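Beneath this line is the structure, given in structure tokens, with notes to follow.
Order as written gives the chain letters A, B, C and D; numbering starts at 1 within each chain.
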Amino acid sequence: MDFTVPAATQEILDRVRAFVADEVMPAEADFLTRGFAACEPRLAELRARVKAAGLWGPQLPRELGGMGLSLLEHGMVSEELGRSPLGHYVFGCPAPDAGNIEVLHGFGTDEQKQRWLEPLARGEIRSCFSMTEPDTPGSNPTELACAAVRDGDDYVIDGRKWFTTAADGAAFAIVMAVTDRDAAPHQRASMIIVPADTPGFERVRNIPIMGDPGEGWFSHSELAYNGCRVPVSNRLGEEGAGFTIAQSRLGPGRIHHCMRWIGICERSFELMCRRAATRPMGPGESLGDKQIIQGWIAEARAKIDAARLMVLQAAWKIDHQGFRAARQNVSLIKFYVADVMMEVVDRAIQVHGALGITSDTVLAHYYAHERGARIYDGPDEVHKVSVARRILRSYA
Amino acid sequence: MDFTVPAATQEILDRVRAFVADEVMPAEADFLTRGFAACEPRLAELRARVKAAGLWGPQLPRELGGMGLSLLEHGMVSEELGRSPLGHYVFGCPAPDAGNIEVLHGFGTDEQKQRWLEPLARGEIRSCFSMTEPDTPGSNPTELACAAVRDGDDYVIDGRKWFTTAADGAAFAIVMAVTDRDAAPHQRASMIIVPADTPGFERVRNIPIMGDPGEGWFSHSELAYNGCRVPVSNRLGEEGAGFTIAQSRLGPGRIHHCMRWIGICERSFELMCRRAATRPMGPGESLGDKQIIQGWIAEARAKIDAARLMVLQAAWKIDHQGFRAARQNVSLIKFYVADVMMEVVDRAIQVHGALGITSDTVLAHYYAHERGARIYDGPDEVHKVSVARRILRSYA
Amino acid sequence: MDFTVPAATQEILDRVRAFVADEVMPAEADFLTRGFAACEPRLAELRARVKAAGLWGPQLPRELGGMGLSLLEHGMVSEELGRSPLGHYVFGCPAPDAGNIEVLHGFGTDEQKQRWLEPLARGEIRSCFSMTEPDTPGSNPTELACAAVRDGDDYVIDGRKWFTTAADGAAFAIVMAVTDRDAAPHQRASMIIVPADTPGFERVRNIPIMGDPGEGWFSHSELAYNGCRVPVSNRLGEEGAGFTIAQSRLGPGRIHHCMRWIGICERSFELMCRRAATRPMGPGESLGDKQIIQGWIAEARAKIDAARLMVLQAAWKIDHQGFRAARQNVSLIKFYVADVMMEVVDRAIQVHGALGITSDTVLAHYYAHERGARIYDGPDEVHKVSVARRILRSYA
Amino acid sequence: MDFTVPAATQEILDRVRAFVADEVMPAEADFLTRGFAACEPRLAELRARVKAAGLWGPQLPRELGGMGLSLLEHGMVSEELGRSPLGHYVFGCPAPDAGNIEVLHGFGTDEQKQRWLEPLARGEIRSCFSMTEPDTPGSNPTELACAAVRDGDDYVIDGRKWFTTAADGAAFAIVMAVTDRDAAPHQRASMIIVPADTPGFERVRNIPIMGDPGEGWFSHSELAYNGCRVPVSNRLGEEGAGFTIAQSRLGPGRIHHCMRWIGICERSFELMCRRAATRPMGPGESLGDKQIIQGWIAEARAKIDAARLMVLQAAWKIDHQGFRAARQNVSLIKFYVADVMMEVVDRAIQVHGALGITSDTVLAHYYAHERGARIYDGPDEVHKVSVARRILRSYA
């Protein structure tokens, strides 16, 4: 057992942290008050500089132009990137592209890779992943309504999806659609690439999240697939392999999310401490001299440390023993870390007083836009029940 | 001791509840997705109907065209109105006008009443109350920076305020400004009426709250007073009476807030229960059959009941024994009810899953825009410390 | 709606509070360190003085020598008594006698009343109530194993019970036993009086609660009924009426418990405040100057007030509308008040530091011996589920 | 970074776990119901078998007959031992002997080592550590009242101590006494060995903890030092070195405590799961099928994992970077792990229903006797404040 971070990894982390602090954070104000589109050109520039610095795509295989880090290493980088809502975008590993890249890399044909994966990995196009539906339970993907019907060499896709992140401006969607409703539950659906210019592909709206519909990469759309016709060659993997592929996408995806959340925790913690230390509260006293605030700071520090170790252990386990061995760990961190994050953000806001609910710091953004963390990829409760059932089996 | 609601009061409550459900709630979708301005005409119509129904201004004295209810009665009405974010506006008792009306009614000269109070009470103009400053601690109003300097028969006001609710479109502000920095701490400031068309009165921006700057009545502005010159006759009460007046404004104001929060709790509770009861979770089962959800519902019910009784008792105490006697009660409900509200809203969101964070229900609005409840009018922590100190005095 | 306590009631409360503080509390140290038996003679003396003062049996009908208070009034007295673990015993209304008195009063024959009720009401004998079993779920009393088989004019009772409070030294038990296993679930059992000297009535042990087996009135026994033969005339009410009677016993019993818990809260709160106010923490500073402690005090005050109002409302509702109307209230207070109590006791202990876990204050006694509050009469979770189901029915 | 447990360590852990489960746990029932003295002979036998198995004194240096494990390794062993309240005693590393052994080993003279350390390390005698006083704040040891006055070649010690663990039957105490009240605060006190047969050494009482005074090793005494005269050669280290030595004792001591607490968590977790999995709740259903219970199990699992990783990291840090570097970690685990432990124990009790509060499982023992964990060695709040202040310094 060894908690040392290797020097080479640490050096990468330091460089990433410095770039995020010096270059990415200054771009946040624009993003928070004027929206994603307004700061896109500036972000494009930063992306170029990240590439030049050799820090592009920390999780990407080297053959795709990335750094080829292990999951544990990328987890630690992801924490640094998570310190800004723009970090992952700037370093070429934003959701949902990162997940789509993994899927295309693992299951795509050569042609699919050439056409979709390569420009995606280079950050030249964006993509989205279209699975969740408004009227079927997100926690049970075997009940999807969206269907892809075979017609000659084509699929014709009809259905409605929502919370398709970053669909606004995406070049293509990977859609999860039922290809055989009579198959065994986990073999009903397939993943199919649908270019955004396919007739019948309709972006109904960007869904307002806590009142904010967002735009471009930073948005979650409701989509209608109205008889979208795509060639069968757009399917990823075998027919019916949708869930298997989705599963493979989820494991590392949750690590990425969780380490991003740790980054959010650390950023919020710093803001909280800085505010407490510098806000005067009468002669010679600062807010940080108040015991209630001190209590919050200590509790936050303990919980963030705890959360961080759990995620690193889960990442390490996936790296060394595979996703199956780490299933319980991954479910545990999914709800534990999300909970810690929301509590830390909430307390950091409280320490800021009225300032905390404005867009003058990044905290309000986290409060509003990360609330979904306890819901997407399976709500807390689904993970808790599933962990407990697995545990209880060995006691029956 | 008697927990009966008198029949006459109950009849008013029933009528208010029906109007809110049938007329006000249907206007919410527009408000949530298109903003306040877009639904203002419709709300104007509803206001006319409320007046026609004799339900205008529940807390307003009869001579100002209101219903003249006691604080306890208005508290119960306020709960009903709080079931919609638009309720208080439609019934002529929105913050900050309701507070300003009290102040003008209690401390205004005849001329001030005629010019400002009467149209305000009729809902023909709007007003704002300008006290909080960005750079001085909101919890200690004796340290205000904004100053009104006497110059002949005028005051010249310079300073910066923020979180001035509903300044956007207000006809006038009541501003709290230091008139004698050398006076005893609680006699330093005065309240002065500043018409919005006074030269130097500048609305710097509507502050984005959780990303949403709002507009019109539904907004919180940052204001600059750049040498605003107003006649001394615009002062409310004696010079130096600012805190005394502010204090008188706070007591009933907190009851109004707390009962509005109870209304938010009840609305969120209903949404949670309806969703739980109707969301299918597999054959013959609904989300409400899940024990974790059942636990939340029971806990929410207990806490809302508890919160409601505490607020009613505080209102009753103010009605019968005056605000001084109820000070501890008012501090207790300030933090207890805000906390219950945020927890109930949060759980209602969780029960709705992804839907809960969208603007397709009112929950996301509450989550984002009521977070401030734990901060404004004194953060939770300030109230806790002040209650505890008062209690501990009797044990020393 | 009126929160006034009538003057006559207040006068009773004041007298009770004074007696508890001046006479009962000084007897606690003996009880806590030497046990119940050691202080029984002193308590007998105090009982005599309570009778002389006309304060005996606040809940007892006047014809039984009590004060004949309403449930609401007795609730308030019960709070005062609950300030000492010995209060209810000294004032003639301890569990389980109080409940047994109600049952005998409501369902007993004249002969039963003469033989058992009268000496019990006078405090000359003690009794116990024997329902819970070690191997059948306490939350579902229709599954009892203990059976009473009819044999001529007798019942022969066989079974095992535990958590039979105060069996050690009781003159008789009221036992719940199945008289017809084939009847409808709620008509299977009957209540039968079993004198303690009945052959086959065996007190197996006093169950150690948190390591302390207690003794006499202050104990919970495991009992064996080994072919106990009693005349059929010892049955209370009709055969099969056991559950109906038990139900009638539960409603007021829960109010008594809950108000006793409020008394425990108030006592613990006072101890916490006194310790905080008087424990020096360096020059000129006391523990109560620490903000974390202040936060606890304020939160405790809010929750105790909340809990108290909820219980009073439930008592009032039973008095005026009957137990059926108050069922939801009673379930809500059962878990809410128990939870508040345990939290307040825990924090009071923490404020006392090492002293808090010793028997030098009453807090450790509450911590250990009231933990069961969240379990007996239905665990928290059973009440939560039952409340939620009832609520959800109206939304389906 | 590597989370692997080396095979050799794992083998030790497996052997220890098996011995605890097969030999130590069966001795618990006697301990819980009849007390420590009653099971001492059986424990002596087990100690002999532990020695024979080469598992005695996992933390003891090899030259003292122990296993010489690192702090990290002993931490993991300590978790296994903590699964029974008797584990550490049986394996030769119980508090307070373990700490006294460290102190004697590090600071004792050859003569002191021969006379006290050697038989102590072999488990032939017991000892106690006498620092906390009833009337001076435990969190500030510089304010001790107990004094050792130099008189020729002797010290004469007067003072009162309490919570001196295991004084009942100890051969000697190491007492912390002021030797120079005018010295700098951290140089005022010295540690002095006082044999239990010294005239004036009085064990006033075993303090009842939650009603249970305990006995022998399992007790906490109040002691009076009434003019106890001991030779100056009984002093450990330099005069005035008391705090320095105490500090050195605290660091590893907290790791031992925390890992013992993790053991308690794991034991309680297992009991909770087993009960949930096997308690029938109606046809074909067990308690573990209830979602609320499942939620508790998942949350407990997450928190225990989190707590465990934090303690292991702290132990590793002390092993590799020294105690100074790990100070923040040690403060964090002190309150975080204690809190997790009490929550897990509480929930395990709730899952057991009435059984949980009896002495029929070990849970009630933990509930009562580990509550002190949040108080001794510095209450939670003291650690939180101290962590926060250290953190805030870097933000000022």
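Operating definition for what follows: contacts are C-beta pairs under 8 Å (C-beta built on N, C-alpha and C of every residue); 3 or more make two chains touch, one makes a residue touch a chain.
Owing to the predicted nature of the structure, the values given are computational and were not obtained by experimental measurement.
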{"item": "Touching subunit B and also subunit C, the following chains", "value": "A, D"}
{"item": "Same-residue or different-residue interface between subunit A and subunit B, half as cut-off", "value": "same"}
{"item": "Distance from the mean Cα position of subunit D to that of subunit A, given in whole angstrom", "value": "43"}
{"item": "Centroid spacing, where centroids are CA-atom means, of subunit A and subunit B in whole angstrom", "value": "37"}
{"item": "Subunit B-subunit D separation of Cα centroids, rounded to whole Å", "value": "53"}
{"item": "Residues of subunit D touching at least two other chains", "value": "290-295, 381, 384-385"}
{"item": "Residues of subunit B defined as touching subunit D within the complex", "value": "290-292, 294-295"}
{"item": "Residues on subunit A engaged by subunit B in the complex (per definition of touch)", "value": "32-33, 132, 134, 137-138, 140, 162-163, 207-212, 279-282, 290, 292-293, 349-350, 353-360, 364-365, 367-368, 371-372, 374-376, 379-381, 384-385"}
{"item": "Of all residues in subunit D, those that touch subunit A in their complex", "value": "1-6, 72, 270, 273-274, 276-278, 286, 288, 291, 293-295, 297-299, 301-303, 305-307, 309-310, 312-313, 316-317, 328-329, 331-333, 335-336, 381, 383-385, 387-389, 391-392, 395-396"}
